[in-house]
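Input: structures, listed below.
Paired with chain B in one complex and with chain C in the other, chain A is shared by the two complexes that follow.
And now, the complex of A and B:
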């Protein structure tokens, strides 16, 4: 990447990088090599039909095939050409580096191993929208099945798979929904950098993630997963071949998040523009960095949990098998040591986006930048100490429930600071009710409900009743969907002009907003009631006494579905034919609004120098 | 709520003369936006109070044990505690929405308030106090339950609960019987020793307000005192495979006489 920075002008004619191999590689070659690897691995390891350890051997062959697919795809798309050329002493030339950055290649570069952070940002954006669409469709199927009692629409095996695959698809999508598109596209420009710290790793993080998508989809063709996204052992150990797809997805995804998290953190630490001291960094950058930095220690435990599930399934190691001294509690711990930080990995960037948006639309400085940073840091710090509140009723050590209740409820204090920052910023302002700002108000309500219901659930006696019920499902959808996803959609509306050069269709945006938000309240109101009345979650069938609550929920879900279809239409339509956006449609002061569209290859002709934070709005500032 | 708002007056103060705190508070409440915020705040507080007092108790099933009663109290209590906070948050938000700017150009600049030390401090301290109340209440409740479990262990009825894919079974060892229905005598402490023969399940007698996971080769214990006659729904609260949704049974809290009759008609002996 040093070469990239030394090529001072992006506008000079591109010398043809000879007949270098990198010009010939793209998604298609990746897929071909990946499939060859996968098929090869499977046929090399597949068991004979009369193998006494047929299931172990089959799991081994499938896992090997899936992981080989990922490695093969990356080889085929040219992900390792840079390191390989360096190893053999023929490092990439400046021209080749420029070619890898996608200079002058138009739409083709989105299908290549492209190191330009803006290309990676768009790849993430499209990928995330596709994942949300798939996960959302599964949610619609789940709600359709739950419209009436008795579970007539969908068979129990398929229903359980739907629940699990909806869960993992959405969790993966939500982890990258803000830091993927905006963290890659917008954030480097925001801090005045020419690209990410490690552009090749940046491309790697996206393409590694991409290889997980077909792996996850293959679960459907291997019999699905019966475990939900939590994949508790020993159920996951006895599960069928579809479980291998889940395990491989997590292994691949963990690599992707580690690479992306390290890269984003390094970029923010090392590549800020001159004069951008820590207290002048835009708050979105702070929130997003804390989020990815939190993911770096969190995800390896999930990866480890999955490695052990895999070895239990392939080699009968028995980590989670009580018969040979293992324990399912071990799995639960490893899972939730990742699982609780992970919800804040999802939440922090969403809130940080709103903090970035609000000052622009009320024309006031961000209220108490320090409180915002403290809030994020407090949440990130405490979130690694609360995991066992998911295990209050697991029975592993009831005496430790008290301490975990204390740490969990302490999170309400830094969370309160986030509310204070948002409310303090709108206080005495006249909010400009564009789509991003509407999202801010929706999140205030949704996150309030999600937060208060979270306090009930953090309380041991209340959780004794509510754990594992629909109430929990409603609670975490309020935080993850109502707050984090709404924040990300607000971010999309806000940055759409910079990322696509066009304005997002406002009318469709408003229609979508109201359908989604009103439908959302109806959907989860029904679920709160059913849960408080005692309906367990993840059930294909429920008693007639929950009939109306579920019917209401399903009605709300369809409204949400319609709203998101309208949003998808708005995005596609506006991207192709929307009004051309001015350079700075919202009158914001962060650096990304100082560059034209299309953003030049290295963002800035002259490196910007920062003299104040970007919140100098308001009279007397 | 007033202690939050009164702090805003410091940045609103445009006079050179330092007004007394009393004057500052009066000036503050003369401001139209503050008055509107207060009205909206009171409205939203009332909404959450009503939710806590009337809606929650209606949603939840009839409490049939001490634990369920305590749990319902906590739900109502926590809602009431959070009502003023939620009211303040929604009051400010609603006020801002009613004061919105329309049109296609950005609104005029607002006051350049960068921060307000006292507001941040008061906000943090107040939320800390509410957090403390919740923590102390919860811990006291946990402690009460643990003490009850210890002191009543001697007289308690022991039921061995076993989860298997996808049925519950209940063994009354002292009485020498086994059943697929959960029958319990009124007002006698009961201890559930819960285990599983295969994957994780979670034993949930809904109206008793307690729950514990069933783990293979492990025994987990919960304790409660059924104190009301009536039907119990027993469910599984941990996804345990294909027929998880159907892993449910029923039971009944009955008078001691009825319970003893049930035991003897099923071939057991009263203990």
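And now, the complex of A and C:
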């Protein structure tokens, strides 16, 4: 698809970092300044024991400490040096920018405010894997406790906190699981760009997110988040100090998401290689961009919901207290106006990865590129019109249930287009059954079940029965884990050689794949049955009539857990000692496979010019 | 066709960098716009619901519409003055924009500091009088945030206007980019003023 052109040689300025403040800042300095800020804010605002507003003042002190930690960390790691220098009219020099890009700094750059998009991509990858490991461990604890009726592996008092922390950890991880590592590392190379549009903001998006991790962890030491990840008000207004950690996490994460979404969108719109018209943009880039572009307007509504929850807790405003004119419905609206698009923010990149992979391993062009784009656009557009299907039984304007049922079910149409594209691409092909390609078949199956069960939940009468049951839990795990996470893992197997220079251990990958996929079906098909029979979610102890379903589900969960441990081992082992990867192990045609490993700082020695579409397999080019 | 492969960070043509920066700011404005739209939705949703008749409870306070317009006026002045300065490629207006931001921030801060909505219950606990008061304070807080960001930008443009080392073409693009922001916060301020004027 490309020709490579060059006329001039490199003339890089040599970094001269001596005595510059930039060279002295790293994660350690960030942590020190962050802790000083947090402790200072807490002690400045901590309540006296006899304060009549003790509850509010305690919330104020904790929230201030958490947000101050984030700001302090960013100051300490040097995130604000660029803006400050802009403010005083002394822009960063080329040498300083080159130093920030991490040129020649080896592994140290991963612990600094590094602007190289490939470093940021790896930071996201490691961060996401850590989050998934923690969230997955919580899931194993939950399933262990639910293995038998009346199981007491987890105390009833912390069960909902565990479920809530599992939920929010996984949701955050899943939102960034594809657009974080691959959107940052691979996507700029795929479009022929030398960097992201805003390299410093790129680093900012990661480090802002990083500061949310200890904040969320602190919830454990502050009594947990007993509301579940939805944090419905007024429960969240009345909850203990741990709720402040949830609020601060969402506020910080929303900033990170907005910055990352803006950066990825601007990069794709403004920095594509010469000749890369919109119909020549790789489909992963289209899907990832629609995902982050959807997140840009969606997340601020959740951010406002958290601001209002915070002011209710700190200042006794009355957004969610009906005694003073507030309403829990307001929270539900704001939450789900974000919440449903967020499902597609997670899903679209996963599906787009599979669309990227499938033509490569079938050696056929992508079936109907336009239908794929239309499918993504249709889903993104409709996803903002369906939020109230989560509120059918809340009592909010029952007359609008019908219209929301229709808009929800309409999403099946563009979703069907995505199936059509995947199946059409593989149709009559001879798939090269390497590890990445397995994910495509798994997602067709999982997403089909996730999608069809979703139609039942969108149906008002059926939802009246199924709402709040384990059926719902199984449904959204089939879409988010079965489709989006499986797609992301396929992406990891596919791009692992480019990101690490080594091949992912194929045998371990196969073992992991089959353990995870078989275990997954056992886990969640069992949960579907329990849910359809009436077992409620978020309840620590269940009736004896559900014992076999839950025992089966827990057995499946252990299989999934073993599968992911094998995958984690494969990633770590292959990264260190795996076979050296050739430049283009899959014979793919997109631009990232035209650059060597390690990828040069500016990706391309010669600027690419695009002359054809990226899926011209079997066309003689 | 050929392509420049020199080390490029911020070495793209100023017009290219400028357009890219403006696009980025406009995308951030979309996010901020969604936040403001959500606040306005909250205001009218709770106003329409009037749960327990406590949108403005009996004996509760309200503020006149002029309060919101007072807070919004500096936004509008700054946006117009900045646009004039950008059109004339002049840095002389940056000081006026900065002044407008500072005055606006003071007005909004003063309104928040002296609002009459906070009551005390029998236990000495502070609480807000009703949903109108709750919404008013968050809308005011958003205005204040906009003033802080606007002050930062205006101060930067003001200082940079006096420095000879900046690239004039890129600086003009940054004026245009800032214009997008000042126009947006003026629109936002006016929308908030209209909203709080409908009690």
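Following the convention adopted for this analysis, the second predicted complex is superposed on the first by the 602 of 621 C-alpha atoms of A that agree within 3 Å, B and C clash if a C-alpha of one lies under 4 Å from a C-alpha of the other, contacts with A are read in each partner's own complex, and residues count from 1 in each chain.
The definition used in the following text is that a contact is a pair of C-beta atoms (placed from the backbone, for glycine too) under 8 Å apart; a residue touches a chain by one contact, two chains touch by 3 or more.
Everything numeric here is computed off the predicted structure, so don't read it as measured data.
S.K.: Does chain B (first) or chain C (second) touch A:238, or do both, or does neither?
M.R.: A:238 contacts chain B only, not chain C.
S.K.: Considering only the touch criterion stated at the top, classify A:402 as touching first (chain B), second (chain C), both, or neither.
M.R.: So A:402 only meets chain B here.
S.K.: Would you sort A:445 into first (chain B), second (chain C), both or neither based on which partner it touches?
M.R.: It touches chain B, and chain C stays clear.
S.K.: On the A-aligned overlay, A:105 touches which partner chain: chain B = first, chain C = second, or both, or neither?
M.R.: Touch partners of A:105: none, neither chain B nor chain C.
S.K.: Please name the chain, chain B or chain C, that touches the greater number of residues in chain A.
M.R.: B
S.K.: With both complexes superposed on chain A, which partner does A:594 reach: first (chain B), second (chain C), both or neither?
M.R.: Touch partners of A:594: none, neither chain B nor chain C.
S.K.: Which partner chains sit in contact with A:144 here, chain B, chain C, both or neither? Use first/second/both/neither.
M.R.: neither
S.K.: Mind working out whether A:258 is in touch with chain B, chain C, both or neither, as first, second, both or neither?
M.R.: second
S.K.: Is A:323 in contact with chain B, with chain C, with both, or with neither (first, second, both, neither)?
M.R.: both
S.K.: Given the touch rule stated above, what does A:29 touch, chain B (first), chain C (second), both, or neither?
M.R.: neither
S.K.: Need the overlap of the two footprints on chain A, from chain B and from chain C, as residue ranges.
M.R.: Shared contact residues on chain A: 322-323, 327, 329.
S.K.: Along chain C, where are the residues that touch chain A in the complex?
M.R.: 1-11, 16, 19-21, 23-24, 27-28, 30-35, 38-39, 41-42, 45-46, 49-57, 123-135, 137-138, 152, 155-156, 159-160, 162-163, 165-166
S.K.: Give every residue of chain B touching chain A within the complex, in rising order.
M.R.: It comes out as residues 8, 33, 56, 59-61, 67-68, 70-71, 74-75, 78-79, 82, 86, 89-90, 92-93, 96-97, 99-103, 106-116, 119-120, 123-124, 127-128, 130-131, 134-135, 137-139, 141-142, 145-146, 194, 198-200, 202, 204, 206-207, 209-213, 215-218, 220-221, 233, 235-246.
S.K.: How about chain A: which of its residues touch chain B in the complex?
M.R.: Spelled out, the residues of chain A in touch with chain B are 151, 156-157, 160, 163, 226-228, 230, 232, 234-235, 238, 322-323, 327-329, 360-365, 367-371, 393-395, 398, 401-402, 405-406, 409-410, 412-413, 416-417, 419-420, 423-424, 426-433, 441, 444-445, 448, 452, 455-456, 458-462, 464-465, 467-469, 528-529, 532-534, 536-543, 586-587, 616-621.
S.K.: Give every residue of chain A touching chain C within the complex, in rising order.
M.R.: Residues in contact with chain C: 5-13, 52-53, 56, 83, 86-89, 91-92, 94, 97-98, 101, 194-195, 197-199, 201, 258-259, 261-263, 265-266, 269-271, 274, 296-301, 303-304, 307-308, 311-312, 315-319, 322-327, 329-330, 333-334, 337, 602, 604-607, 609.
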